[in-house]
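Listed next: structures, encoded as structure tokens.
The two complexes that follow have subunit A in common; it is paired with subunit B in the first and with subunit C in the second.
This part shows the complex of A and B:
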């Protein structure tokens, strides 16, 4: 793969929504610059209405930019060849309600010209990966929001894409599903795929993104590697393991000697996500296997 | 990447989705029941037995195609765009042209099935109307029973397999109509009643086993109307790209009426007014597709004429589809 050329490149991207009579209505995207390197996970963050979905739809050639430059995989986004290398999970999973999970994936696979044994194999692996292998003939119209997201994700990966664009991949998912999606995203990135994901749930994406851009009102407000953005230059943290009380006292006195003031000390808290995942894992062990969806998080075979 | 293999799933899905709208089933059933009811609603003859029934049922079929074209085109295009499924499909390696043509073909396939059902019903109802004041119940009873049967069948299938009722009933209706038609071919029986003059009085005399022939010439007449339906279909698709159901219906109805009155409104002025001449040639002229009059007086409709009409329809449809493609190519899909 060409490592020089950005996978996604926009320069001064602008999008103004117009009404039926072509009068300008809303300036949804206002000068966004993006440049995605191969193999990275890029987060597009921002509150509702900040222009994330609009940007993504421009990248897919569904909306036409009103200004600026857009290249996807080195070509204009409307190029049909480009699309065979892109996987897209829409913001809401747009599905044909009367098809079941397998029929849905078959339909999307057929749009890529996939057929026969290869197609069925991929579908099996994807259904397994997103934990929907047991839904049988149930129609996707009856799926819960989380299940619809999962089938949407499977659909986005059916063509083994080089660029995966996920619009709010974790919305509607429980913490377990969120963790799984994040694991899948990380695993995909490790296989050299480039991932662009959007989210307004910042904590959800914090630990998978390599770089993020924070949008507000269609403009870039902050951008850079997530470590640098989150780092606070003059504020350090010391992490300690289990300390007996007298050792702790000793340490604090020593530190007081150095700093002049006595530093704050408090026990480390695990975050709620870790606690939740532990509780659920415990419950699963007790009831013997899970219900509804399975938690694999293992990448489908053909994607590896 | 194989082009054809990504094309047919789109056509097929369109065909599967359209009859899932209850409106399509409702329209089809209403049309069949009405055409079936004509022989005993219209009980007088003008000149020739069955003429009025035949003319009315052909007119109904024509109007029915207009009413079917609109919701199917809207289902295929505007609601797919609104629901977001169009965006999901166009983010795959499907060009917009391919998408639109697949949609048109899918919608046309349903239109073809619809026209086929209407044609079978007209053939049956025409036989039932062969004699004034004596609707041929031996033809009509199987027809009405068939309609009922397909609903019952669809309900059973829905109960057993959970398939959506509306589309199942639509396909059942199509299959059952073929069976009913074959049945009326195989068992044309019943009693034939003739009016015989005995001095001053007319007597009704029953003859057993006399068969009312199928008027096969109805088929080319229906085929011509189907060509017109394909034109309306293309028009509906064009409007449905930008408009919702009601505006699309209004626009198509406008074209439908203008096309009906084209000879009256435009032909006379075409001689000396340029705009009238241009409009006369651009507007669809339904007169070319209206062959009911040729059926009267035992006339037949030459297939060559139908071929001509089909050529005209094809040409016009291609023009409209090109317009639609031009529009859709620049359109935003949300």
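This part shows the complex of A and C:
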């Protein structure tokens, strides 16, 4: 079996911030090894200041590494050809406030050399996908943080990238937006895209990532497939369907005989996100759309 | 180019939508429309028009330089501060393309504003002249003295060194001692400056004369002009009275121009309206200053007394100057964009302003070098002082060398004084001086920007 070249590869990556006199001020990244395979969703976790954003900026060619090796899509990260295959959503959506949503996407599309019908089609699909098709001539400077994040996400996907780097993608989004981002990430991964996701919202990462690396103080503290990392070998869970009371009692008695103690039993709960999504979906059916974002559309056609 | 254009359009859009262009237009409108209403000429139409041309072009030049400095310095620095470049530079755009895109936007903007400024000036001048019901003769005089281009007759500059050496020698022989610890070289240099000033001065009761040899004889009906730049205020004069007598070597008294009024200024006097100088190959100009003994008036050395011949129409001349000045501003924009990619907005503005300041005062640099070099000929200077002076001279020579290609002689000012700017000068300056300088600035600025890390402060 042929080994596939990693989409992102770092070996002993180091980044040291220096002061005006070139004296080391902070070792932000200290010997990080990463290897992202095609089609996987990779999570970069860590508290604030752990080196997540710095690592991402090195991968994007914004910062120069002080040591180690970095390859993105098999080439140095500052290579313009690499950049044409990468989509990036920064931790804050640094948009031009005087442009409207369509102009913003048109500008970024032009930087990728997209023109004419193809460009307009993609913009239509992306605006529809992120629920901002109705914003018209409103400038993005007037957008809420969540709306700006959505535009940020749309611009990150305009070039149909092979590698998508998302820095805190769900920050500022409501649960609907958060769910949608996770759905998009999953859908893109199914299409063979590689996603590098940095976040400190652990639930989001757990939902979508195949593998994670946990950073602290610029160093890798844990790394591996998320299932393996979360697995607790000595703690088991039995999932049961709907049981009549007498059957449940019968089962508990049998288990008590085997275990020596009567096990705890409680009904399965939905998580809050699922409940919220159901309530909002119901409300939408009853009252129609609000003034902010509208119900998101399907994944953009060109991304499917 | 396909990546440069979106950057250029975005920058222009930001200038338009963030009201920068509106502010610039408002300031320019102030200079072109409001400023002239506050100016008071000498009450004559020609005085008003001359003042309008001089002040509007002068202030437009100053304003445009300031605007170019601000917009170019903000071009990259603001995007870096707002972190918008984080998004742009992760796209397939090289930093060179970003640099050129920003520069192109600033250059397009200043070209539009400079053209607009030139067009409004031209329109206002013609409108002002058209308001008055002038006789055919007066209209022709204004047309030929103000709304025109003229070329000065070249006069070879006199070398006063030999004369100065003789003067110093004879004074030393007669027992005169130079002041302080001046060396012979310093004394000679002072004597040269003194003789040069004397050559372009006139004492009351004495006749000062100049001769202009013409390469081509005066054509039939060709209107000649005597241009004067003078100052009598240093001798305490509050008004000036005198007489210019113009002629040819064979007929020295063909025209008389009485002078009266302000003791300092720049004036142009037309002559040969009757054709009395037609066919002349040499013109003489004699000046007698009226008043008591001791009164003196100084003309600007070399350019204070000039003979002008017609050099074409005003409008093309104005636009050649606009092109030349726009070229200079484009170069300033390149420096602004370059510093903008390296420093924060205030530092970028400061660095570019220093350049602008030095460019404006590049003439002073030559004088400093001349004086410091002369002082170095002293043998009794302490070693430390000598080193400091030598360092200063070397630094100023470096500055002089760097600024040499930029010495334009202020094209808009030249047009305001009616001086013709030849098309060849425009092409030569843009092609042989500005283009190489622009390339070097882009190479250095873009190269340093290429090395800069983006988003390091985390």
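We adopt the following convention: the second predicted complex is superposed on the first by the 297 of 304 C-alpha atoms of A that agree within 3 Å, B and C clash if a C-alpha of one lies under 4 Å from a C-alpha of the other, contacts with A are read in each partner's own complex, and residues count from 1 in each chain.
Quick note on the criterion: contacts are C-beta pairs under 8 Å (C-beta built on N, C-alpha and C of every residue); 3 or more make two chains touch, one makes a residue touch a chain.
Note that the structure is predicted; figures quoted are calculated from it, not measured.
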* With the two complexes overlaid on their shared chain, look at subunit A and say whether subunit B and subunit C clash or fit. => clash
* Regarding the shared-chain residue A:63, is it in contact with subunit B (first), subunit C (second), both, or neither? -> both
* To do: Would you check which partner chain A:111 touches, where first means subunit B only, second means subunit C only, and both and neither mean what they say?
  => both
* Which partner does A:7 reach: the first (subunit B), the second (subunit C), both, or neither? -> neither
* To do: May I ask you to decide whether A:176 touches subunit B, subunit C, both, or neither, giving the answer as first, second, both or neither?
  => neither
* Touched partner set for A:163, first subunit B, second subunit C, both or neither -> neither
* Considering only touches as defined above, state whether A:28 meets subunit B (first), subunit C (second), both or neither. => second
* Who does A:154 touch here: subunit B (first), subunit C (second), both, or neither? -> neither
* To do: Would you mind checking which of 206-214, 260-268 or 278-286 on subunit C runs into subunit B after superposing?
  => 260-268
* Those residues of subunit A which subunit B touches in one complex and subunit C touches in the other -> 57, 60-64, 80-81, 83-84, 86, 88, 90, 92, 94-96, 98, 107-108, 110-113, 155
* **Partner subunit A, residues of subunit B touching it in the complex** => 1-3, 5-6, 8-10, 13, 16-17, 20, 83-85, 87-95, 162, 164, 242, 330, 332-334
* Structure fact -> subunit C contacts subunit A in the complex at 2-3, 5-6, 10, 13-14, 17-18, 82-84, 86-94, 453-458
* Structure fact -> Listed in rising order, the residues of subunit A that touch subunit B in the complex are 20, 57, 60-64, 80-81, 83-84, 86, 88, 90, 92, 94-96, 98, 106-108, 110-113, 115, 137, 139, 155, 159
* Residues on subunit A engaged by subunit C in the complex (per definition of touch) -> 17, 28, 49, 53-54, 57, 60-64, 80-81, 83-84, 86, 88, 90, 92, 94-96, 98-99, 107-108, 110-113, 152, 155
